[in-house]
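Two complexes follow with subunit A in common, the first pairing it with subunit B and the second with subunit C.
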Partner chain A sequence: MTDFSEEQLHRYSRHILLEDVGVEGQARLLAGKVLIIGAGGLGAPVALYLAAAGVGTIGIVDNDHVEISNLQRQITHFTEDIGAAKVESAAAKMRAVNPDVTVNTYRQYVSAANIRELIRGYDFVVDGVDNFPTKFLINDACVMESIPFSHGGILRFDGQTMSVVPGKSACYRCSFRKPPPPDAVPTCSQAGVLGAIAGMLGTIQAAEALKYLTGTGRLLTDALLSFDAKTMDFRKIRLRRQENCPLCGSSPSITELSDMEQAVCGLKRRA
Partner chain B sequence: MRITINGEVEEFGEQGLTVLRLLQVKKVESPEMVAVQLNGVFLDREGFAATVLTAGDEVDFLYFMGGGGR
Partner chain C sequence: MEITRQVRKAIIDHAEGELPNEACGYLAERDGVVVGYYPLTNLDKAADHYSMDPQEQFTAIREMRAMGLKLAGVYHSHPATPARPSAEDIRLAHDPEISYLIISLADAEPAVKSFGIRGGVVSPQEITVVEEGESMGVKADAVKNCRGIGCPMNLVHAKVGLAALRSGQVLEVILDDGPPVINVPASAGREGHRVLGQTRLADGAWSVLLEKC
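Up next, the complex of A and B:
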């Protein structure tokens, strides 16, 4: 059991007050390790809330640098950060929020070659990436490494998320199988996104990570939560593991990771 | 016949209503961006045209949503 300093007791007092968290739950958070893949719209609120919550080790992966068009929603990045590496910009804010937290930065894209190595050793992974090949790659790697993760996606006024506990609940491939054809995917510049949607969805993902680490409540597994912020309609679609899932079904056809090429936000880029 | 679509019960007169036709009737703009679950079971895209719906079926359209990073 962690010995809390006076300062920590104050810092985490609102968690400690919660019957379901308490001193023990807070100690689990401080011992917890979460990897955030993508330091963008979703990764930013996840990073800040996990740091504020005192998750002891937080990794953040991204190869991009901050651009002015990011600032409408990526709240870890400030105007003065334009041009800086996103992971460094995010890490600086996380450390400023909470010096208790160790932040590991990985300035790289995830790929079939490096993802298993990257996620190994983390307790929970958050998908905050912008493209389908990488979303599938995260799903596949987490299932292969048996690491629970939160999937998230946003577009225009909509958001969706599901949590996956490999071997126990439906994975992303159970329901979505394979990435949609690249020419069917609306580009970010065509479609746009309301900035606050990133916060709505990202904070749900952060809450799932905190629930997992503290063992509180029931995760958003075997369900896809989707919302339309125009009407504020939220809907939970029940999912279940599919016997014929190519990844986690009874006779899987996907047994190793591979990279898929796809146009992203109007740019051709490697997943 | 009554079919539940995305949790809402709807009435359909059409006989031999297929999943493909349902996607058209419901004006799903890009069917490539939708995965379909029929009574809780994933339905292969290749099966959309051949799968005829019957009364009481529950159909879920699961939209691919890819944004979040950049």
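Up next, the complex of A and C:
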């Protein structure tokens, strides 16, 4: 059992008071390790809430630097951070929120070559990337490494998310076999996105990570939650694990990772 | 009657504090043991008789109910006479179901005696003093002193105390009177822990015994 300092008792009192979290749950958070892939619109609220919650070790991966067009939704980055590495900008805010937290920064793209190494050792992974090929890569790598993760995506006014516990619940490929062809789906930067929905979806992902670490409630597994912020309609579709899933099915055809062609977005390849 | 050492001491302290006048108040029980007391104002402010404030009586009864306690009796002091009911005490004893406890300060060593009074007939009752906690047949495995710690941090400390225990072990939490002693046992009970009992201590704080679920 973690020995809480008086300051920690105050800092985490609202968790400790929660019947389903309590002292034990907070101790699990402090011992927990979460990797956030993408320090953008989704990664920002996830990073802040997980740091505030006292998740002991948080890794954050992104190769980009902060641009002025990010500031409309990527709330870890401030105007003065323009030009800085996103991971460093985010890490500074996370440490400022909670000095208890160890932040590991990875300024790199995720690729088939490095992702398994990156996620290994983390308890939970949050997908906060903005393109389909990387979402599939995260799904595939997490299933192969047996690490639970939260998938999330936003576009325009819409968001969607699901949690995956490899080997137990439907993976992303059980329902969506392969990424849409490049340019079939607009990327964030082409289509635009309402800034606040990054917070709406990112905080759902953060809550899933906290639920997983504390063992509280039921994860958003075997379901896809989607919303349309224009009408504020939320929909939860039941998903089932597929016997013939090319990744997590009984005779998988995908047994190693590969990089897929990515939509070219403003001539910049994103991870 | 059974009374905890703490309550017995507390009502003697109250009686001495009111000298030269009589002190009065209520006694509250749980499972047949007097575990709490409610000092009430003696409106008469006199050395040889008392009358209780109806508003305070009402509030005390309501607080007892909120904490699952029952009225066990009325206590009052005799600053200069022995611990036995006066003619007026007998005349004013309306409830045959409760005990009438008298604290005499006539001698150097205070005397405390209890009586049942039914239809003008006085019957002495034996008083057994029990230790706090022991009154519920348990001894606490750990103590959290939350005096001066308000809500909700007192509950945070209580939960930290419980987290360090094994199921079935007992935590004694010392809580301030008022919202703390109402809220903390209720919250602990909601989480499945058993509230074994609560005892009013001499300084007005409460000792609450919680058995970890």
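Methods note: the second predicted complex is superposed on the first by the 263 of 271 C-alpha atoms of A that agree within 3 Å, B and C clash if a C-alpha of one lies under 4 Å from a C-alpha of the other, contacts with A are read in each partner's own complex, and residues count from 1 in each chain.
Keep this in mind: a residue touches a chain if its C-beta (ideal position, glycine included) is under 8 Å from a C-beta of that chain, and two chains touch if they have at least 3 such contacts.
Note that the structure is a prediction, hence the values are computed from the model and not measured.
Chemist: Kindly classify A:L219 by the partners it touches after superposition: subunit B alone (first), subunit C alone (second), both, or neither?
Modeler: neither
Chemist: Which holds for A:F176: it touches subunit B only (first), subunit C only (second), both, or neither?
Modeler: The answer is first: A:F176 touches subunit B but not subunit C.
Chemist: Is subunit A touched at more residues by subunit B or by subunit C?
Modeler: The partner that reaches more residues of subunit A in the superposed model: B.
Chemist: Considering only touches as defined above, state whether A:L35 meets subunit B (first), subunit C (second), both or neither.
Modeler: A:L35: touches no partner chain.
Chemist: Who does A:L155 touch here: subunit B (first), subunit C (second), both, or neither?
Modeler: first
Chemist: Have a look at where A:L201 lands relative to subunit B and subunit C in the superposition and call it first, second, both or neither.
Modeler: Only subunit B is touched by A:L201; subunit C is not.
Chemist: Of the partners subunit B and subunit C, which touch A:I237 in the superposed model: first, second, both, neither?
Modeler: Only subunit B is touched by A:I237; subunit C is not.
Chemist: Which partner does A:V23 reach: the first (subunit B), the second (subunit C), both, or neither?
Modeler: second
Chemist: Considering only the touch criterion stated at the top, classify A:S13 as touching first (subunit B), second (subunit C), both, or neither.
Modeler: Only subunit C is touched by A:S13; subunit B is not.
Chemist: What residues of subunit C sit close enough to touch subunit A in their complex?
Modeler: It is residues 152-153, 155-157, 159-160, 162-164, 190-191 of subunit C that touch subunit A.
Chemist: Which of the residues in subunit B come into contact with subunit A in the complex?
Modeler: 6-7, 30, 32-33, 35, 37, 40-42, 60, 62-70
Chemist: In their complex, what parts of subunit A are in touch with subunit B?
Modeler: Where subunit A meets subunit B, its residues are 38, 40-43, 62, 64, 70, 127-132, 135, 152-155, 158-160, 174-177, 179-181, 184-185, 188, 191, 193, 198, 201, 224, 226, 235, 237-240, 242, 244-245, 264-265.
Chemist: Inside the complex, what are the residues of subunit A that reach subunit C?
Modeler: For subunit A paired with subunit C, touching residues are 1, 4, 9-10, 13, 16-17, 19, 22-24.
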